[in-house]
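Shared between the two complexes below is subunit A, which pairs with subunit B and subunit C, respectively.
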Partner chain A sequence: MTKLLFSRNDVYRYLTVLLAVLVFLIFLALPFAMAVLWSLVDPSHPWAYPAVLPPVLSLRRWAEIWTTSALPQALYNSYALAACVSAVTLLLAVPTAYAFGRMEFTGKSTAQMMTLIPLIIPGFVSAIFFSALLIQLGVYSRFAGIVIGHTVSLLPYAIRLLTVSFTMVRQDLVDAARDLGASPLTVFRTAYLPVLKPGLLASLIIVFILSIEEFAISYIVGAPDFVTVPTILYSYLGYNFIRPNAAVVSLILVVPNVVLMLIAERLLKSADPAVVTGKG
Partner chain B sequence: MTINNALKAYLLLIPGLLPIVAFMSLVVGMAVSQSIGFFNFAGDDHFSLLFWQQMLTQDQFWRVFFYSARIAVVSAVLSVMLAYPVALWLRRPFPGSDLISAMIKAPILVHGLVAAFLFVNFISFQGFLNVALVHLGLIARPIRMQNDPYGIGVVVLQVWKNMPFAFLIIVGSVRAIGDDILDAARDLGAGRLARLRRVILPLTLRSLQASLILIFIGTAGDYSFQAVAGPININSMSQFMLRIQMDNAAHGWNEAAVVAVMLMVLSLFGSLAVAGLMQFAVRRAGR
Partner chain C sequence: MALMANALAVERASLRYGKFQALKDVTFSASQGQLITLLGPSGCGKTTLLKAIAGFMPLDSGRIDIFGRDMQGVPPEKRDTAMCFQSYALFPHLSVADNIGFGLRQRRLSAAEIATRVSSVAEQVGLSLQLQKLPGQLSGGQQQRVALARAMAVRPGVMLFDEPLSNLDAKLRDHVRMEIRALQREHGFTAVYVTHDQSEALAMSDLVIVMRAGVIEQMGRPEEIYRHPVNRFVADFIGTANIMPVRILSRDQARGEYHVTCPLGQAVIRSATPPVGDHLYACWRPEDTVVATDSGNDNRFTFKVSARTFLGSLCDLSVSPTEDASVCYRIQTHGSTPVSEGQTVDVVIPPDTIRFLDEAIA
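Moving on to the complex of A and B:
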């Protein structure tokens, strides 16, 4: 009896995978392709109904936005903020994550729950009343205000990721290093750092991305003239919808962050202690 | 655990936990105090329930409140309902399942405002959908779909963005169900539907509730999807709060504070209510 190459189940499975790919193409790839196309519409040849494709494609829109809008300033602000926020957040998160990951104490789970508070307070409530607080305290630096706001709202992510990293550090390696007379610094370098490194880098990247993407605090505290990439994108959406500009800024916002996020994900996957220490 | 060690642990908590607790209590405290007449930017500070009275007697406020509540419930339930069967389908790996998981998670990487732009661009007068419908001969001329009055656009965006979160939370708990439990159920004569109702659903209830709560809170406080793709004749709670704070010069902050407190109340009790209803539904289904 000849065996069928594909069983009926396999055929169904392939069909459903194909269907999933199709859904993905319609819901994600196609809208992105449209955004790329819109960003390439030549400013002097508008793309209007009933033309199916833009009449002329050029990079002029990209050049125009770069030279005439506040985009360079917004990019500088966003990346400078993100660099400060990720450094400060990591410095603050490491000691707390150490306590959560490597120590036992009364009230640990309550304390861990409390770190999640920023995630359940609506973003615009924190943003608006944080700006009221800044006014009351007489803090007028927008940059400092946004750094504080972002740091607090992103601390939960860094603490959580680093707690996982700290729990993966193997106590037998720490003990072995100590027994062999290693100084605290050497213990840290040999037993902790190799396991922590991927987690540290991943949290740095994730906090960096989330800070660039944060909208509520940047929009409210930065108003009216401190621009970041999301606030500039917002200004091109809504009532005065400038589609080609919005397309350009969307791509500038999404593409670097997706690349960074994929790197972070790879780092987190590599953070298996067995891989790092060579012990199962 | 020695006292010394415990003290060390508490000291280590300070850098990470203190900023969160201090900041959040100050911010929430600020909203609550301003709603009852303290920390005024205009006039003297004194206790007053006037702002609460003014806000809660406005029809417009309640329209906004129930609109946000409705969008949050519909988005949370739809996201979970879409994510659940997919998570069950991907419970065990098969050729192509990794690809599908990656595709489902992709929207997480797309910024909310970018998603809103992609969506508006897709359904707009000049968008792909209209052009496609015209060329297929289904409609004679492009139709206006942007900023629809029912908030369908907002719900589509919320589900698009939140379904992956629900999927991530649920797939973990679905995969954690051991085959031995399902085999035992099968040996005892449970069919496909009975296994789902009596074994899988109760064991994944916590993750269903967690995703409902998280999505409800995120959606109830939404600003950007509503501002870009939402109906023009009604605001979401966040949008309303910001508008009142900016427009009503003298008491804008106080009235916005009332809206803020009510938004937190909605997030808390609304999400708990949805989670409670889910528990009730799962228990009923298991009977």
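Moving on to the complex of A and C:
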């Protein structure tokens, strides 16, 4: 009996993977490589039409932006905001997700739908009216305003992720721990935490990343002088468009996020259901 | 000295989920060292009752005492009970040793004490070599033992078993069943054992409680339940029973002898307890029948065999009275009895093996 090296299914599988890789290369890897090149273009030797590669490479753009723009302040603002936003979001999402994942009550599905609304409304639309509301409420701190805005718009992600985690907690393990005399804290550590941990870390990282990348709320609430990395980036794209400078800021914005995303991916993958739930 | 308090006393326990009455006026007690089974079909309230004893479900009314102490408002973690879960409920990220020692750590025993107890319990259930493994690396039978060991390690006053064998294959089930009974006898712990398997209940228990729809139908020693079921439900649920309506023709209460008519014709029933009325149900077990060898017996009937199942030492026959094919009874004969389908067979049902059920027909 002869055996085919590749079955028909295998061929389709490889074609699909190939397509995915190609799309990834064209739309993500290539622009990313271009961004790296553009950020290294020397200010006194512009990269113009006939040249395939920049004539002179240097780090002068990086140094220039760092020293002349508000980028250091923007970086500080972005990361401080993201840290606060992810902490507050998690604090609010955990009890909500507990209710959605572990309790039955009337109006639960409606409530679940409601928590997804921020996903549907465009950031700019809500931000415009949100900034007016903040002033009416007497919240004049831009930082606090943006924290509130980000928290509201990112809560759906954390709630969704954590609700799934909470539904994976096994009631019989909770019961068994209590039955054997465990305190509420031990019940949490034994029956809840191992299942929740990947979801907690993943939602923390995802909210952190999305907060750093968020533009609409930061721009409108922070206007005119509160800067974050995306608002700086925007300032390079509009009126005085300088592609090499935009490339530098883009990289500063994106690279840490890519690293964080890879970590989140790892954490979600480590949530091996067999280890966590004991069901193979 | 005052009477020793029962290990467990349940008094008029009632519980409902919305409109569904899960338990209604359930009363029973267990003395120290008894193994009690709660037996019944699914939805009869047996697991609810077990969870109420463990403290997971508060009663609507009635009370539960454990060693004389009212458990009203006492949470599961403060009760002197330990449960063996149907799903085993082992902590998947903890080793077998840590699972078994879990309850001991909550009781703040010293590390040395915990280690000694864990290894001794593990040895009793045959897990000494598996202590460092994770539950996921064990077979179903081994996981079941870990669950048992974990509950036993805390030496609870009352052990609660929630269908612990239902996920094991038949052979292993028999084996573990005997082991649980042996351990229970050896350590003298009081146990409440929930099952829907009547043979398990009969084989293991000191006391069987048959439940239906949240109510106790009958409570008694296994022999008693099997020999003297009180109604059609119990008779039918425990073993195989032939149940038939009978009408009393004449009664001789002094001798305990009653002449009746029934779908088989006229029959004699010998019973120490008198029937509850003139028209009621009676039952007899397939294995009590005897193939007639000579003439002139009481309760000798001729049946037509409609199906025959050879079981080795026994032969299971489905039979109907020759003049009425609409009723069907089960009888058992010796495996060597030469009968085949379509033939007739003469059978004697001894008068003292037919029991009146406490269930009159209106």
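Rule of thumb we're sticking to: the second predicted complex is superposed on the first by the 250 of 280 C-alpha atoms of A that agree within 3 Å, B and C clash if a C-alpha of one lies under 4 Å from a C-alpha of the other, contacts with A are read in each partner's own complex, and residues count from 1 in each chain.
Methods note: contacts are C-beta pairs under 8 Å (C-beta built on N, C-alpha and C of every residue); 3 or more make two chains touch, one makes a residue touch a chain.
These numbers were taken from a predicted model, which means no experiment stands behind them.
Visitor: After the subunit A overlay, clash or fit between subunit B and subunit C?
Guide: Pair status: fit.
Visitor: On the A-aligned overlay, A:65 touches which partner chain: subunit B = first, subunit C = second, or both, or neither?
Guide: neither
Visitor: After lining up the shared chain so the two structures overlap, which partner does A:74 touch, if you call subunit B first and subunit C second: first, second, both or neither?
Guide: A:74 contacts neither subunit B nor subunit C.
Visitor: On the A-aligned overlay, A:215 touches which partner chain: subunit B = first, subunit C = second, or both, or neither?
Guide: In the superposition, A:215 touches subunit B alone.
Visitor: Which partner does A:264 reach: the first (subunit B), the second (subunit C), both, or neither?
Guide: Neither partner.
Visitor: Measure off the angle at the C-alpha centre of subunit A toward the C-alpha centres of subunit B and subunit C in the combined model, and quote it in steps of 10°.
Guide: Here the answer is 100 degrees.
Visitor: Report the partner of subunit A that touches more of its residues: subunit B or subunit C.
Guide: If we count touched residues of subunit A for both partners, the winner is B.
Visitor: Tell me the contact category for A:202 with respect to subunit B and subunit C: first, second, both or neither.
Guide: Neither: A:202 stays clear of subunit B and subunit C.
Visitor: Would you sort A:30 into first (subunit B), second (subunit C), both or neither based on which partner it touches?
Guide: Only subunit B; A:30 stays clear of subunit C.
Visitor: Enter the shortest inter-chain Cα distance between subunit B and subunit C once the structures share a common frame, rounded to whole Å.
Guide: So the smallest C-alpha gap separating subunit B from subunit C comes to 7 Å.
Visitor: Would you tell me which residues of subunit C are touching subunit A in their complex?
Guide: Within the complex, subunit C contacts subunit A at residues 54, 56, 75-78, 81-83, 85, 87, 89-94, 102-103, 106-107, 135-136, 150-151, 154.
Visitor: Considering the complex alone, what residue numbers of subunit A touch subunit C?
Guide: Its residues touching subunit C are 170, 172-173, 175-183, 186, 190-191, 194, 274-278, 280.
Visitor: What does subunit A use to touch subunit B in their complex?
Guide: 13-14, 16-17, 20-21, 24, 27-28, 30-32, 34-35, 38, 47-50, 52, 91-99, 103-106, 108, 111, 114-115, 117-126, 128-130, 132-133, 135-136, 148, 151-152, 155-156, 159, 213, 215-216, 220, 230, 233-234, 237-238, 241, 243, 246-247, 250, 253-254, 257-258, 261
Visitor: Looking at the complex, which residues from subunit B come into contact with subunit A?
Guide: 1, 5-6, 8-10, 12-17, 19-21, 23-24, 26-28, 30-31, 34, 39, 41, 89, 94-96, 99-100, 103, 106-107, 109-114, 116-122, 124-128, 130-131, 134-135, 142, 160, 214, 217, 220-221, 223-224, 227-228, 237-238, 241-242, 245, 253, 256-257, 260, 263-264, 267
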